[in-house]
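So, here's a batch of structures to check.
In the two assemblies presented below, subunit A is common to both, partnered first by subunit B and then by subunit C.
What follows is the complex of A and B.
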């Protein structure tokens, strides 16, 4: 969330070359590793040693974080409000489960296959979200999510229907690291995938490509005028997000050795939106911060009111919107701007 | 065959009554209100409570459902919704999902999670044969009421002073205010009226659609399809869209039960490809 300096307005007499170097510098500034990013990853590793008894909930956080970060690519950068992001999460979960059940139990292979299959679905459905207004997009994404849930329910011979998939256990990761009873390996595995996934998405989001996505979000007409191919960009972003959402689903399957139809339920799509709202959109790490807070709040609520926690989640949503989302994520701006020394200007 | 068509029409009419309030909020005020189903559910539960606990006649329950939902709508509009007319669509979506969640949990808490049943008055239950077509009496009743409402709605919008005020307020809020139209009042009344209609739809649909706490979520997609396929600028657009959706859904579930639930999604996708801006979009908007 860096504030762009005033000097970026290119004065009329500056040559193209000067403008280019300035633009390159700007891009560099934008993509610089920030202070809080280092903290996040150090904390993730530290949690492994400090909280050995909380591995399961930490794993849950890591999975939700990956899911939310992938949605941020669509929502925060491309500006598409999706109510059906869980379609990809659920598809990934089922693909990983089926693969482990029938073919290979090795998790990384499952992860990659799940990512590819989800990505394909993302690619196919992205052409539908290109059309129409926000409203039609809401309808389409919601429809796709519900359709996937219905398919999982109807194809009971493949997916186990309402009972879900079980009876498989993931093999050792890359043939070397066994999953243990306390979920320690699982946690490290999930954090590893989260790290790699976030880094890849970060590379995408803070590249000129990501900037052009934000341009499309801001004003599709104007971005088309400066020759940004909106349709192509949105298709790409949506597909990439689908891949990582599928991987998050696969992680859930592999760490719990179980797939339930719940992975495709609507409330997951709403949850992940809430996660992003809590953490803030448009800088990827919002997904991670949001996932931590959301999981803790949900865990706490489900202890107090096991049956009616949904009410408080709803209340939280209403309050958040009433207060204003922007005010919430502004705290990140107060953190030290950057990690490295000033070297440009 | 004709029976299915008839059932489909009844179902579609019901969807129209449920969704037309949303057409108004969405098309006219540009507010994406996913919580619309919650108002419908409120109307349904009002009917259930009045009939089953206090034994009040079904015919009195319908206006009561309308009034209660409209009052809830008015209250929420004044306290919460009105601050969000200018907010981004994401905010509106999040806010209304929050409302849906609260409504679901609250209903579950007060009424329990089971399906609610209502006993229709005897003259409305059962079927009768008209020229060899089996016609459910209640469905006929639904069709008549909904048709009357649809016509009335169209007339109100196009012929009355309130209708023209509303259209003016929607077309250009600032100019309308400049002309001395009390835009917030018009919006509040419209919102309340739309919520009331949803409540009425929920009350009438309790028999056909079923009623349980998950009602708002279950029918959210239907409302969205009706509104986005039908377009938001007319009454007739959503009306035809609702009819089409109702017939397609009923026919799909009857003829091909295995893929029945997918018929509406397929319809949605086809519509989107053929007419991305709605079935009867007014060009240029």
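What follows is the complex of A and C.
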């Protein structure tokens, strides 16, 4: 059986070579920039020129988007559900506020410090979510979120308690770009951070690490059988997600010059989950699309039914879940796949 | 002389009051082509689950190359060269075969933790994945989503995936089940062609396949090792016949 005729060996070799070429192409194609990605970033820049009076709500969207993209890294990739993601958002918001109030007003420094501190909290609490089912994880993360809110409330000497933190204003970004009254600088700053954050998480998504996260979500038993150390990977993913959630919180502080205890409120954790339900999980841009839709719908509802907008948000959630998560997380597949038209099959 | 790679000592697994594995002490030699046979429900899959850490044993120990691995996590056992296929396919539905196999190779090569480089940048990993898929006749579907592949192809991927980890001890749980008749021998041929120092433990119901493949056979009945021996011994053992005939009657 091992002594094969000459022709067979040759054709086997050439078909292997063909397979290798094809595999290399397919792998490159995986991480190619998609059409909708380009549209997103062009639209973000265009909005700056076209909608100068909407800077505040656009800034709000960019911040929520970064927060949601960070959650997608644990929910959409590793499959870890969380009802306490705002613990990291809120911590980042407070760290940025305290830093601006007491030490240094330069925003990028505050952003980085907030990311590091939130990342540390993520690293410490990641060990609590390693065990158990979705339900225990929901409860654990919910608990962490509630505890953070209570700690902020109790440490009023530091956090301002129910009054929050105010009386600071961010300095020029990198000492060069002043924040303006119309929020134009703030918007560009937030979009810039969102862009860099999304690009970093995108790189992670297409790395072996990102693939292993999806394997853990797709089939934990098999992923163990191909030697994926699931716990280590989850700890890393959760920590990275916490860093970017903390940065999103810092952006909110820096663009509003205020930290309210609301940054740690439970509804924020629920909102950001809803954002991902709307936008779809597992491809990062769901966080951006979801944030746009969620904020616009919320804004529109709160104008037409100021008392009952929560009711409609709830209704929307129920409908979306009834339609089914599977179908939801894949709607983006119906968009054109690639920006370039070159066929390379 | 005898070099025992895989060993269990008084292994017991209960599901409630039910004894699925009953005091199994098994020794598998390096390079063996060892078959594990027995009627349905004998506890063959349960034993594989205990060996690979999918289930913890109620009692007893498992040794890999002399080291007690009874409480070692599954992924660590794989890193030490022990891997398996599943009786019921365990694949990544949303992955392509290429991604599936590339993941296993990346983990084996210790680059799975890299979160900054694209997989496309690991040329050797991608090449090896492509070659492996070609060997299993999966090259033409390497870019499809696994979930839409025909069952036979999924079955081949299940086996290819275990090969991707380059195991030193490979446990195959009814690998030929669901593989189209004409490809069965080819699959077992690929298994037979593994290097001589790779140890294979095969669960299989097709006696012809077992007798042509194995050089040693253990018969499991009601969770316990009923008899163990060479192909010649087992194929002529009247008690083994009785077990199978009793089952068929």
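Just so we're on the same page, the second predicted complex is superposed on the first by the 306 of 345 C-alpha atoms of A that agree within 3 Å, B and C clash if a C-alpha of one lies under 4 Å from a C-alpha of the other, contacts with A are read in each partner's own complex, and residues count from 1 in each chain.
Assume a contact is a pair of C-beta atoms (placed from the backbone, for glycine too) under 8 Å apart; a residue touches a chain by one contact, two chains touch by 3 or more.
A quick note: this is a predicted structure, and the numbers were derived from the prediction, not measured.
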item: First, second, both or neither for A:270, with subunit B first and subunit C second; value: first
item: Partner chain in contact with A:103 - subunit B first, subunit C second, else both or neither; value: neither
item: Which of subunit B and subunit C A:300 touches, first, second, both or neither; value: neither
item: Touching partner for A:35 - first (subunit B), second (subunit C), both, neither; value: neither
item: Contacts of A:211 with subunit B and subunit C, given as first, second, both or neither; value: second
item: Contacts of A:232 with subunit B and subunit C, given as first, second, both or neither; value: second
item: Partner subunit B, residues of subunit A touching it in the complex; value: 75, 81, 83, 128, 131-136, 138-140, 142-144, 146-147, 150-151, 154, 266-267, 270, 273-274, 277, 307-311, 313-318, 320-322, 325
item: Residues of subunit C defined as touching subunit A within the complex; value: 52-54, 73-75, 78-79, 83-84, 86, 90-96, 98-99, 102-104, 106-108, 111-120, 122-123, 126-127, 129-131, 133-135, 139, 142-143, 161-162, 164-165, 189, 193
item: Parts of subunit B lying in touch with subunit A, wherever the complex brings them together; value: 26, 32, 34, 80, 83-84, 87, 89-91, 93-95, 97-106, 108-109, 217, 220-221, 224-225, 227-228, 258-259, 261-262, 265, 268-269, 272-273, 276-277
item: Subunit C-touching residues of subunit A, taken from the complex the two chains share; value: 1-2, 12, 15-16, 18-20, 22-24, 26-28, 30-31, 203-204, 206-212, 214-215, 218-219, 221-230, 232-233, 236, 240
